[in-house]
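In the two complexes below, chain A is the common chain; its partner is chain B in one and chain C in the other.
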Partner chain A sequence: MLMKNNKFSSLLKEWYEGNLSFDERMNIETEKPVIKKEETTEKQKIYLVKDVENAEEKLTSKGYKFFSVIFCVILAVILVGTVNFMPLFADDNTPTTNEVYEHYVGEGRDQTGAVNTVAGMILDYRAFDTLGESFVLFTATCAVLLLLEQSKDKPIKKRETFTYTNDPIVRLVVKLLTPIIIVFGIYVLFNGHLSPGGGFSGGSVLGAGFILFAMAYGEDFAAKVITPKIIRVITICSLSFYCLAKSYSFFTGNEFNGIHSIITPGTPGNIVSGGLILPLNIAVGFVVCCTMYSFYMIFKRGRLD
Partner chain B sequence: MNLLINYEAVTSMVLFAIGFTMLVFSKNIMKKILGLNIVDTGVYLFLASMGYIEGKLTPIVPVAGPVDALDYINPIPQGLVLTGIVVSVSFSALMLALTVRLYRKYRTLNLDKIYEMCRKEDEQE
Partner chain C sequence: MEDIITIFRILLLISLIVCAVATALSKRVMTALIIFTSYSIVMAVVWLLLRSPDLAITEAAVGAGVNGVLFFLTLRKLHLIDKDFADDEDGKIDEGVNVNEE
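Take a look at the complex of A and B:
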């Protein structure tokens, strides 16, 4: 029954047997390039000469591949030769053990309130670095949207790619899995300062859950549930909150201007502790989640709504 | 033999060489982007493994009590790798979007053919 009903099973069969060309497989409309051939004889001669050159290039393409392999081997030998003079792996006397590391690990828990030193490092000592990363993600989303957005007047091109939208098995499995994935993502987000994890990994898990949802239920349905307005509001609120909170923290962190921060590290080990690290983790996670989901929707549909 | 002990550095260097060769010598734009991602992977492996010290713990300190920094590995390379991964993801997405635009116009991913078509267009004008 399933084999009869599903359109892509027949497509899959033809694909495995190799009857379809690449373009047919992907159902890409093969339009010829718009450039027309020149009609003047002199230029035709030039093109003929170029064709001969192309044929010669095809003959030398094997030599090209051989040369690139030789280049790869030489580069690898030079780099591996340098490794020979490096300090040994996992050695106690490597130059990485210096006073910055001792300060971060030794006093990080008491100063930032985070048990996970990496979270305390990237969201407290190096918080502006992480703010820059969030803005890199935001800028990448904007750039991809600018490059690939299709106008609203045109209907969306329905391409007959492999979709799992109407597959009953996939839909059932995703129905069961999506809540678990999202809860796990939220757990990773909220425990970033206590255990391995944090904003970036938790946000990626959340984004993966939403992408799975969009794949199984169809992009049209997903675009109605998670509208572009929601994505925009969440991203901009998270980024502005991060910006303002960390500006306050940096402004009051100076002991000489007489202003003291009202944010305290709290008791290390509690869920609500670590001062600004927990809210900043959540903000970063939301930005990463919205970015991943927007990338998927823009590349698949051409627009967010 | 240093190379047998430094196996992670050797692996990352081999990855770097493969990715760099793909980036420079491949004519397909998709393969160039893949090559750049392999280069990134090699660099991340190298950086993250440099922070590891034999017999030391992950940098998640106990909730109470004094902390001796010498019991834990170096957390700084992990933070740097995190930055690198984010930049790599954004960069790949931007490059793939530009590739989609190029493919829509020229219907090929071969850089030589695209260059050839651009030159013909210039000659026509």
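Take a look at the complex of A and C:
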């Protein structure tokens, strides 16, 4: 509603559909300050468009500014107010220096069901931390895609088409190594709650395996096998699953509202144990793997497909 | 056995410092990048000795593998890799060994 008639949204749509080349996008962004240097207003700075004339849009931009300021003030008050309740820095009697450490090491195995205490910490006690890290990776992918993506009409420059597809040595070695690397990545991913490793380690190993695959077989072939749609679906499904799973344990973890979680830690040491830690590890690993792979493809080809 | 591990650890830490200083001081970007990758590999072993094998796996995969690949791609796009072999014909960069001739 807010951005319905806006020129910015239509521009964004054109960006998204890839109708404009990279240079055209840059022109549109930089044209505005060149033409209307003297009469640039705050409103135009927000929207980054050439000319906004509608009175309705003026109202919208005013409301946008007003509510953004209000929102920031409320957020700042909440955050600064929370600091008041925190214990003093480097105090000997704070719970962080005494109780938390003992609790994690002593009872972590029984409470989370994870033999690997680190996995129990980062995916059970402090799972929201890891959720934030996953979203940072997702945002990084989006930013790289926005900055480096080239349009489809533009042919890839010849001097940038260096490949190893014709090299017999590289091809043979990669053919032998890639399955082993990918299987090792999956092992690290699935054993995250039992042995050292977990989502980030396994995901990066998996991503490295796929990058090797794309290098040896050519990016054209790799883009046909692992299409952008697959990457998009996997990333979004993993992130949504993480959000939903952790929301569930957040609401059922409270003992006072009467709802109890049906997920049990299970027997520590089994492959299916640790409650939500195994699926969360897999979700984080998929996000990391997709991030690594799409970084490589965008850097090399300028686009994912 | 303990003595050997202590000596090994000291050697690793010294090579870590040497790698870090050499990365900053080397004049060619390519050399700096290769030294930086070796820094990551040494760091992976140090993580292993510090008893955090999960970080060692991540460091080896990201620091030595993916990071290096992304850096090399960037250098290739900036034409900083083959600077010694450049300027042979009308300023075009030498394409290397394997080029898709079209």
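The rule is simple: the second predicted complex is superposed on the first by the 204 of 305 C-alpha atoms of A that agree within 3 Å, B and C clash if a C-alpha of one lies under 4 Å from a C-alpha of the other, contacts with A are read in each partner's own complex, and residues count from 1 in each chain.
Note that a residue touches a chain if its C-beta (ideal position, glycine included) is under 8 Å from a C-beta of that chain, and two chains touch if they have at least 3 such contacts.
These numbers were taken from a predicted model, which means no experiment stands behind them.
Enquirer: One more residue to check, A:V118. First (chain B), second (chain C), both or neither?
Expert: both
Enquirer: Between chain B and chain C, whom does A:I236 touch in the aligned arrangement: first, second, both, or neither?
Expert: Neither partner.
Enquirer: According to the stated criteria, A:C72 is in contact with first (chain B), second (chain C), both, or neither; which is it?
Expert: first
Enquirer: With both complexes overlaid on chain A, does A:G207 touch chain B (first), chain C (second), both or neither?
Expert: After superposing on A, A:G207 lies in contact with chain C but is clear of chain B.
Enquirer: Determine, under the contact definition given at the top, whether A:Y104 touches first (chain B), second (chain C), both, or neither.
Expert: Once the two structures are laid over each other on A, A:Y104 reaches chain B alone.
Enquirer: Which of the two partners, first being chain B and second being chain C, lies in contact with A:D167: first, second, both, or neither?
Expert: Second partner only.
Enquirer: In the superposed arrangement, which partner chain does A:F299 touch: chain B (first), chain C (second), both, or neither?
Expert: In the superposition, A:F299 contacts both chain B and chain C.
Enquirer: Check the residue A:L147 against both partner chains and state whether it touches chain B (first), chain C (second), both, or neither.
Expert: first
Enquirer: Which partner does A:M86 reach: the first (chain B), the second (chain C), both, or neither?
Expert: first
Enquirer: Kindly list the residues of chain A that each of chain B and chain C touches, one partner per complex.
Expert: Of chain A, residues 118, 196, 200, 295, 299 contact chain B in one complex and chain C in the other.
Enquirer: Given the complex with chain A, which residues does chain B contribute to the contact?
Expert: On the chain B side, the touching residues are 2-3, 5-10, 13-14, 16-18, 20-21, 24-25, 49-54, 58-64, 67-70, 72, 74-79, 82-83, 85-87, 89-91, 93-94, 96-98, 100-101, 106-108, 116-117, 120-121, 123-124.
Enquirer: For the complex, give me every residue of chain A touching chain B.
Expert: That would be residues 30-33, 35, 38, 43, 50, 64, 67-69, 71-73, 75-76, 79-80, 82-86, 88-92, 94, 96-97, 100-109, 115-118, 121-122, 126, 129, 133, 136-137, 139-140, 143-144, 147-148, 195-196, 200, 268-269, 295, 298-299 of chain A.
Enquirer: Please give the residue numbers of chain A that touch chain C in the complex, ascending.
Expert: By the definition above, chain A touches chain C via 118, 158-167, 188, 196-198, 200-201, 204-205, 207-208, 211, 292, 295-296, 299-300.
Enquirer: In their complex, what parts of chain C are in touch with chain A?
Expert: 52-55, 57-58, 61-62, 65-66, 69-70, 73-74, 76-77, 92-93, 95-100, 102
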